[in-house]
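Right after this note come the structures.
Each of the two complexes below includes chain A, the first together with chain B, the second together with chain C.
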Partner chain A sequence: MTEEKIAVTSESTALPRKSFATFPVTRPTLALLLSVAALILIVPPLLDALYLRVFISSVIFTIAATGIAVLYARLGLVSLAQVALVGVGGWVTLRMWHATGLPFEVNMLTGAMISGVVGMLIGLPALRMRGLFLALITLMGAAGFQILVTGTQFPNGGEGVLGIAVTSIFMPRPVLGESDEAMLRYVCVVAVLCVLFVELNRRTRPGRAWALIRKSEACAMASGVNVAFYKAWGFALAGFIAGIAGALLAATLGVLDATTFPASESILLFALTVVGGAYNWLGLVLTGLLFRAAPALLNDIGVNGHLAYVIFGAGLLHALITAPTGIAGQILEGLKQLTKRRVGR
Partner chain B sequence: MIAIRDVSVSFGGVLALNNLTVNLADSVVGIIGPNGAGKTTLLNVFSGFVTPACGSIRAFDTDLLAMRPHQRARWGLRRSFQTEQVVDDLSVADNVRAMLDSLPVTSRSERERQIEKALTYVQLEGKADELGSALNTYQRRMVELAKTLVGSPRIVLLDEPGAGLREEEVDALRQTILGIGEQFGAMTLLIDHDVEMIAATCISTVVLDFGELLAFGPTAEILKDDRVKAAYLGIEEAE
Partner chain C sequence: MYGVFLVAGLALGAIYALSGVGLVVLYRSTGVLNIAYGAIGALGAMLAWQLEQMQYPEPVAWVAALLVATLLSVAYGRLVAPYLSYREPVVKAVATLGFALMILGTANYFWVEAPRRLYLFTDTMGFELLDVHITGTRALVLVATLATTFGIAVFLKHTRIGLLMQALANKRELSSVLGVPVIRIETYAWLISGFLAGFTGLMFGDLVRPNPGALTFLVIPAIAAAIVGRLESLPMTLAGGLIIGVVESMSTLIKPIAPYRSIAPFVVAAILLLWLQRNRKLTFSGHD
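Up next is the complex of A and B:
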């Protein structure tokens, strides 16, 4: 038994040594990962019902922001349709469940895949456009979804393709997330899986292609990269992840409402991704908290929740002017300085 | 063997290349000319970043211009850029690996072998795991060069690889360029402003001036040519 283990470890360290050395897990990252894991275990029982729900939806929008970050941090592209794509994923998941009654996970993956396809279609202009024009196109996609879904509403157990009923039937939670506490853990696990899936992409062929495209498209083409394909891949991945978030939101609430998915929310989530930091997962956690927990917290201490927008605006200015890697970038940089100083002493 | 026929490129009113016709056959061919002569534009036509108004380029019996840019890379066209394009947040090995990703090199071990060979050839074998951002100017140029050498290159286009290098680094670069044909089987087209570099590495040389072919022939003869001296070397002296 022990011998077997040793054999396995020595082999696995010998083979992909290079690829591991290329992406070291730094000590601050490890420490943060552990503390988040500890928080997930300790915090849920301590929260009251309201904050449990607030944190569930914070994590869900952390997942959505992970998709924004793929496009923004890896490809330098701005997509203002992410919350709309969350809506697409939610719509398909609800539609699937009411039509088939299949387990939640199956419906979630279906919703994610369709949302990925829609994301790719919205991103198609990106093959020719960039910057402001691309952002506007994606925003039009978001506005289009807003109009459609306001007109039709989300499926809630009725007849026909649209599936609208007068009294809503609620989609049940996944088996592993029936209570709010369990659901919080469930969304956290899915969030980690999503971050790891993106990380897998980043460290392999798509990630290298994205890095070259970000450097310059000429450089990418000269390296044999099919630029159109890998941009489309980025949009599909971002849409897929938005779809996952949408499915989780639908599961948490049982029904969805069109007012949750206006185009303005897509803009806000993008802005907060820049503020939180698109370049690592800590920034995405912050994004989720800013998007959902900050307004709730302000309300709680008696401040009008809309004041959050003013704070976000100031945060965005700050990020654009002094902190291109967001709050998370600043925190990690600070940690690095701290450890360096301690070693130096 | 590369046959360039009647290639013309204009940007607005500027004729960057004017009916360029020339046959290149030597293992290392130089391209010289004053600033703005059209040298980079010619490489951009090769790469497919610029579509010429007319003309054709046949390389080893393939119509190069019929392929899309990334397909040309897969076919065996390689290039480095006047401003180097090493990606800072990829490791040295990954910078090179990115080139192999889209090539039909099937086995993983073969890929790793080629990356190692290329990095060893440019003497960066100890730097494989370092990030691009950790490299100095010379090392960055060498990473770009290594990138052009993996995956059976047929034509390697180098756009001023010696720019910004110190003298001893230029010497090392010279040796590196000279070995490409023998070690990797590729034909090299070299743009450089350094006449000594051209004289030491290029068997024949193309001289461009305002998009026109001013002269073409064995490098030694070309560098003695009075018209070339007037158009190109004279300008260098004046600078």
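Up next is the complex of A and C:
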């Protein structure tokens, strides 16, 4: 406890007071920045081509899980359409590039914004309802997107609004991420920016409103919080982040395929967010790794990929019944116990 | 021409409706929306297919499918659900998602994606009605759905267990204080729901295809039907399921929207949901 206080004061002296008030660099954020810096410098050259790809996609789905975590950890809402929204972001990004040829970052932000609007629209019918109906509506949304996108396909450089061509034209990587190594660094940087953006929301007005809504909607409303608006804001933020993830996926692969975005993937990503831990960034990193790297690893040691589902399902039940903060929560709690014991001694 | 699609739509809609009824019965008495419903039926149907391939007589396959589905459902209800009985409905629903993933993983492990067909004796039966040939399976689905919905409504209203189920649906804590044997009544609900899951799994396996993934995610349109009934009303769920099935089937006839016809459940559910809550205000009393 005392140690924590000392650490905070030493940081606050190092920073201008105002920035501390609005956006304090706490220990978890610092740890995040340091570990990502380490990842960016050390890891990419050590990986072979396959695992570079696997890690790029793990980081991308860590970003997507960040959106799920906003709704689940801050508002207690269950969104089962996140991978579908990733698909929306990817679709718009590809469409934008084929139509305009603008730089990737512009297309990415456009895709993210449209995906945010779609996320808000899916959540809208459920604004006047409680948790369960919202979860079900998002599930319908995910299933609906799967059917729509199987019919329309992803744009690959053809004519018309849908832009389907017989031979695909690949969207080029962003300038800063042309090789796989550079792309891994690029997605890591974007992931950190997304986590920080969510953190910024959490520590400012929306975050305070969410905290009150989570405690009691009645109290929130009585204290003048616009419940519907801040819930919708949560959906929009989650959708925006999913859109970023979709754009990065489109950039990494060049073309997208409807088979990447079935409803089952949305469900799985949600389950793994709970298993990994929705309450801090470590959990989200674990989610990304479980979603994409764990199947590859299991495959390497000869375990059938379908059995991973059994493990994930059991993990979800275990997390819901006994470990609400997920694996990350347990790890951090364990570390805290260790340090506490050392101080006590 | 229209008749063929109408009959196909009614049969499909009946499966949605019957699954929806199974979901609603369970939700009303236990507060659990069982997302593993499709997966439970899937394992039953796959087992039936396997037994058929191994040349066992067909009744064995039927019994195995229904028994396995019922057992899975009751096992979850007795062993896992009690740990979550005091959590919010959405947490209970998400937990069944975990169960669904476990069953789906197991089923996919034993039965990899492949073209298969499940044959039931009702396929060879059939009759003509208004120039349309109706197979025994389709007729069976329709009759079973109507009879089950009616039967369950009567059961809830006129038997003691049904009455106790309704008591649980209203206030779980109060019922237990008044001496309602909560766990036993809930077990009945899991049993009924599991049996219906097994039956709908078999029917869907026969009418569409026996494939673990497809059967597991059949639960999504079934949930759409249950949403039409606001997870409460059996007649509305029945109507919702049938309407969804007919709309989905008839859309085949309209060229531009034909590829997207399986989106019908979600469109119908979303429209009805918006319409049903048109006069509601955000309030804080009542339940989900």
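Assume the second predicted complex is superposed on the first by the 310 of 345 C-alpha atoms of A that agree within 3 Å, B and C clash if a C-alpha of one lies under 4 Å from a C-alpha of the other, contacts with A are read in each partner's own complex, and residues count from 1 in each chain.
Going forward, contacts are C-beta pairs under 8 Å (C-beta built on N, C-alpha and C of every residue); 3 or more make two chains touch, one makes a residue touch a chain.
None of these values were measured; they are calculated from a predicted model.
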Looking at A:224, would you say it contacts chain B, chain C, both, or neither? Reply first, second, both or neither. first
With both structures placed on chain A, which of the two partners, chain B or chain C, ends up touching more residues of chain A? C
Touch test for A:315: chain B only (first), chain C only (second), both, or neither? second
Is A:211 contacted by the first partner chain B, the second partner chain C, both or neither? first
Touching chain B in one complex and chain C in the other: list those residues of chain A. 216, 218, 221, 227
Mind listing the chain C positions that touch chain A in their complex? 33, 80, 83-84, 87-91, 93-95, 97-106, 108-109, 213, 217, 220-221, 223-224, 227, 231, 259-260, 262-263, 265-267, 269-270, 273-274, 277, 280-282, 284, 287-288
Interfacial residue positions of chain A with respect to chain B in the complex: 18, 21-22, 205, 208-209, 211-212, 214-216, 218-227
Contact residues on chain B for chain A in the complex? 47-49, 69-71, 73-74, 78-79, 81, 85, 87, 89-91, 93-94, 97-99, 101-103, 112, 128-129, 147
Seen from chain A, its contact residues with chain C in the complex are 76, 78, 125, 127-137, 139-141, 143-144, 147-148, 150-151, 216-218, 221, 227-228, 263-264, 267-268, 270-271, 274, 304, 306-317, 320-321
